[in-house]
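Both complexes shown next keep chain A, but they swap its partner, so chain B is in the first and chain C is in the second.
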Partner chain A sequence: MSNLIETAEELLQKNKVNLIIGYEKGTGSKTRPVFIRKAEDAKKLVFDNNQKQNLVVYLLRSEVKKAGKTAFVATVPALRSMLQLASECQIKDKELIAIHARDNQDVIVFEDFKSIEEFLTTADTGFTAVESELLAKLMAMTVSERFDFWTSEFEKCIKCYACRAACPMCYCGRCTTECNQPQWVAPASHPLGVFEWHLMRAMHLTGRCVNCSECATACPVDIPLNLLTYSLMETLETGFGAKAGMKADAKYALSVYKPDDKESFIQ
Partner chain B sequence: MQEFEPKIVAFVCNWCTYAGADLTGTSRIKYSSDVKIIRFPCTGRIDFMLLMKAFANGADGIIVSGCHPNDCHYTSGNFHARRRWIVFEKLIDFMGIDKRRICFSWVSAAEGAKWADIVNNTVAKIKEIGPYEDYKKLASSFSEISQESHE
Partner chain C sequence: MEIERKLYKNSSPDAIAERLLSAGKKVTAPVRSGKIVDLKEISKPSEIEYNALTSVQSAKKVAFPKVDKVVEYEVLKDTVNTLEVDFEAFPEQVLFGVKPCDAAGFIPLKAVFNWDYADQFFLKRYEKTTIISFACPKADEYCFCTSVGGNPGSTAGSDIQFTRTGDDEFLVEIITPKGKTVSALFEDILVPDSSNIDKEKFLASVPKAFSFEEVSAKLSSLFESPVWEEQAIRCLGCGACAFVCPTCACFDLQDEKNSGKGTRLKLWDSCGYSAFTVHTSGHNPRESQGERWRQRVMHKFSYMPHRLDVRGCTGCGRCSRSCPVDMNIKEHITQIDSL
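What follows is the complex of A and B.
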């Protein structure tokens, strides 16, 4: 894994960045995020193809912003999250360096949005086989079967908001769920509040979700809640030509419109 | 047995459908009294959470209606609303909410007769489908909890 570590060391030694966010070895076979400020610590970095956690979630934290120029190890969904944040005016071009590692010896360093955009045109941005399968299974159900499926899944929800904390797109200073004048979503984890929370979360992420699966991975009770936004991606792509996180200057699909947007249900 | 009278909540825009519903009245066209009309400045103001709140508070059906495309008082409010409805309709269907319970429509200020038809058809459809027991079950667990917490 020399190449990833060498790249990181070089970035820190040449003072190109002050902080590198990557993965280090965690317990068992897992990896965990690590924050590296000194070149000699760069050897902690590991490459792992199962790197799940989307490190973009840290980029908007004030501690990271204060650190100055930052580099982070980015998977394909993380690169897309970065472009999505850029399109929402949350980060500026050339402010961050993304290190994308395809394997130990094949590391690409992206210094600007344009190179990421070009790279993403050929990258695999689809769902995993397991995700597509479950999505197809749900789509084939009747409406009441789907309702039973989701209510039984949501029964497990303890409203820990890990899904929100793990999501790089959930960066609002004040979330609607914390709003109590009026109270949109009741805070307790009873069936109605949980249902409304997940519906609201999915609506607020529609057109912004970059299918990184972070929410479902972070969920301590394994609710496949990433499927909620995934189910809308085809509509967004075919209907509005919108795919989140592919262009840094893209417009949010639900804040623009075409006079001839097609629908079949309005009477 | 008493016939099921559905609770229908209509979310309408001030400029077209509300005026259209007014015309229905002044034209003395009779339509179902099961509908409760809520007036909004524009369809663009009708947040999806408001619709969910209507279901949670016992609505069996919902009508959402505003100006026809290109007729919006604010030029683009209904275009934005339409995009949101397109994804919202897909999402609630995916989450298992019967999308037949929400009727989206365009009713202009001149379409008094259309408004009466929309309401009557929706009421007839909801009567056929029956009360929204599934969602009321979710909501009833909520009122139990909130009552306990107030005691």
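What follows is the complex of A and C.
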């Protein structure tokens, strides 16, 4: 563990950052986000494989921006979320430091987007075996079976919006669901309202979701929300050669016009 | 009424649930689905999961559903036709196998929905609900009922309570007249409690973490404390805590309408949301997550006891278990208690 803690201590001692967002031991068997401002508190930091939250979710918050230069402990999906935010002009290069811990003793400090981009070219950013299996299972269903699957999952939804709150890509100041003049999405957690909400959110994440699975982890009623974006990710990758969160200056696949587009209808 | 004590000699309470279902009651009980256990309407006793510590959600939904129709309307040229809700059509229902902290949750809910306006949507449903709780044989580190006036065998809020006292035996306490009426459906399979069983021996141990009264008194001077921003720094601002809470009663009224016809709905709301009670002018009375967290704690531990003479928390720990970032209320209140 010393390496992660020593790295954090050094960053704070040398005033390279004012705040470090990492993980500490929580209650029960949980690991939770911790905000460290003093070098002597860095010893609270832990690394374990239970690290659930994607800490990029905090980076755009006013409390964090007010703190000045910030470092955060980043998993591979978190590094991608960071680059995705950069490509959406939400954060600037060299504004943040990402500390990637592969285990207790193996810590890499990224100070700019370029080094993260290079690192990600060799990192494992594909679906895990479990994810591929789930996707295959979903795709093997008939449309009506799939509809039944989601109907039964969505029955549980209470619209607490933990999925939205935990998602680093859901950073809209005012979400469409909160607009009632006009009302775009039925606000109730009845079947129509739940379908509208989750499908709208999945569509909004097309080409932006980095598959951190935070939405599913945060869901109190255990809806596998991460499955919703899997096939969108695959479509974007195979159809547009686009993968979210790999390049800080990437142009969003769905809003770019290229004269040499392979589809003839658009030319 | 004085509590009547009986014994039920059987390894499983399924026969009791069967009697309730046969009598045409709508029965809601803990049911396992995938990794979680939650409260659901059951159609047969075998669906019930008796061994879960708690259900993810509280029992409030049987009287305060997540979506509740208030009125249907049609706007015509010079009048509005309304179709009111028929309160008498609410079904006779039984909550079966819930925990004492679920039953206790109805005490503050009743107070809130009877405060300045008698909310018939809640009250009529509640009137037709009989609560059969099961005393807790186990607890976890998120439980703290003993700090908020409850205990694993508390009968407050329950109409009937079952306590497992052996592999083939339950103590059955019939607590209220409502409980007495429903117990008539299975009284013939109960036997007298001749040995006067000591219920305490069969209950979980839940150490007291803080004193509700002390915390409540302390809070009145802590409005401007930095503790709120400190504790709320990791809060994501979702509504998971409020929606699984047995006492959170805030709701929003929303219309769903289409060309003059519509339905007005009462929907769960949460003070943790950034847009909660934002004024039409754009003014937000609670700009920061710290202020919103303060509202949550103050409401439960200060405003409700002072204004309604009820505790706004039953110590069930659901909010802490469901929180994606481990905002543990027991830990936070204990910290406040030490200030």
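The definition used in the following text is that the second predicted complex is superposed on the first by the 256 of 267 C-alpha atoms of A that agree within 3 Å, B and C clash if a C-alpha of one lies under 4 Å from a C-alpha of the other, contacts with A are read in each partner's own complex, and residues count from 1 in each chain.
Simple rule for what comes next: a residue touches a chain if its C-beta (ideal position, glycine included) is under 8 Å from a C-beta of that chain, and two chains touch if they have at least 3 such contacts.
Please read these numbers as outputs of a predicted model, since none were measured by experiment.
In the superposed model, A:148 lies in contact with chain B only, and not with chain C. When both complexes are overlaid on chain A, the residue A:67 reaches neither chain B nor chain C. In the overlay built on the shared chain, the residue A:158 is in contact with chain C alone; chain B does not reach it.
When the two structures are aligned on the shared chain, A:27 is found in touch with chain C, with no touch to chain B.
Once the two complexes are laid over each other on the shared chain, residue contacts for A:190 go to chain B and to chain C alike.
Once the two complexes are laid over each other on the shared chain, residue contacts for A:202 go to chain B alone; chain C is not touched.
Contacts of A:254 after superposition on the shared chain: chain B is touched, whereas chain C is not. Where the contact sets of chain A with chain B and with chain C meet, they give residues 186, 188, 190, 193. Against chain A, in their complex, chain B makes its touches with residues 48-49, 52, 56, 69-70, 76, 79-80, 82-99, 103-106, 118, 134, 137-139, 141-142, 145-146. Listed in rising order, the residues of chain C touching chain A in the complex are 33-36, 38, 56-57, 66-67, 140-142, 229, 233-234, 236-240, 242-244, 252, 254-256, 265, 267-268, 270, 273, 275, 288-289, 320, 322, 324-326, 328, 330-331. Within the complex formed with chain C, the chain A residues making contact are 26-28, 30-35, 52-53, 57-58, 62-63, 156, 158-162, 164-166, 174, 178, 180, 183, 186-190, 193, 214, 217-218, 220-222. The touching residues of chain A, when paired with chain B in their complex, are 138-139, 143-151, 176, 184, 186, 188, 190-193, 195-196, 198-200, 202-203, 206-207, 227-228, 231-232, 235-236, 239-240, 253-255, 257-259, 261, 263, 265-267.
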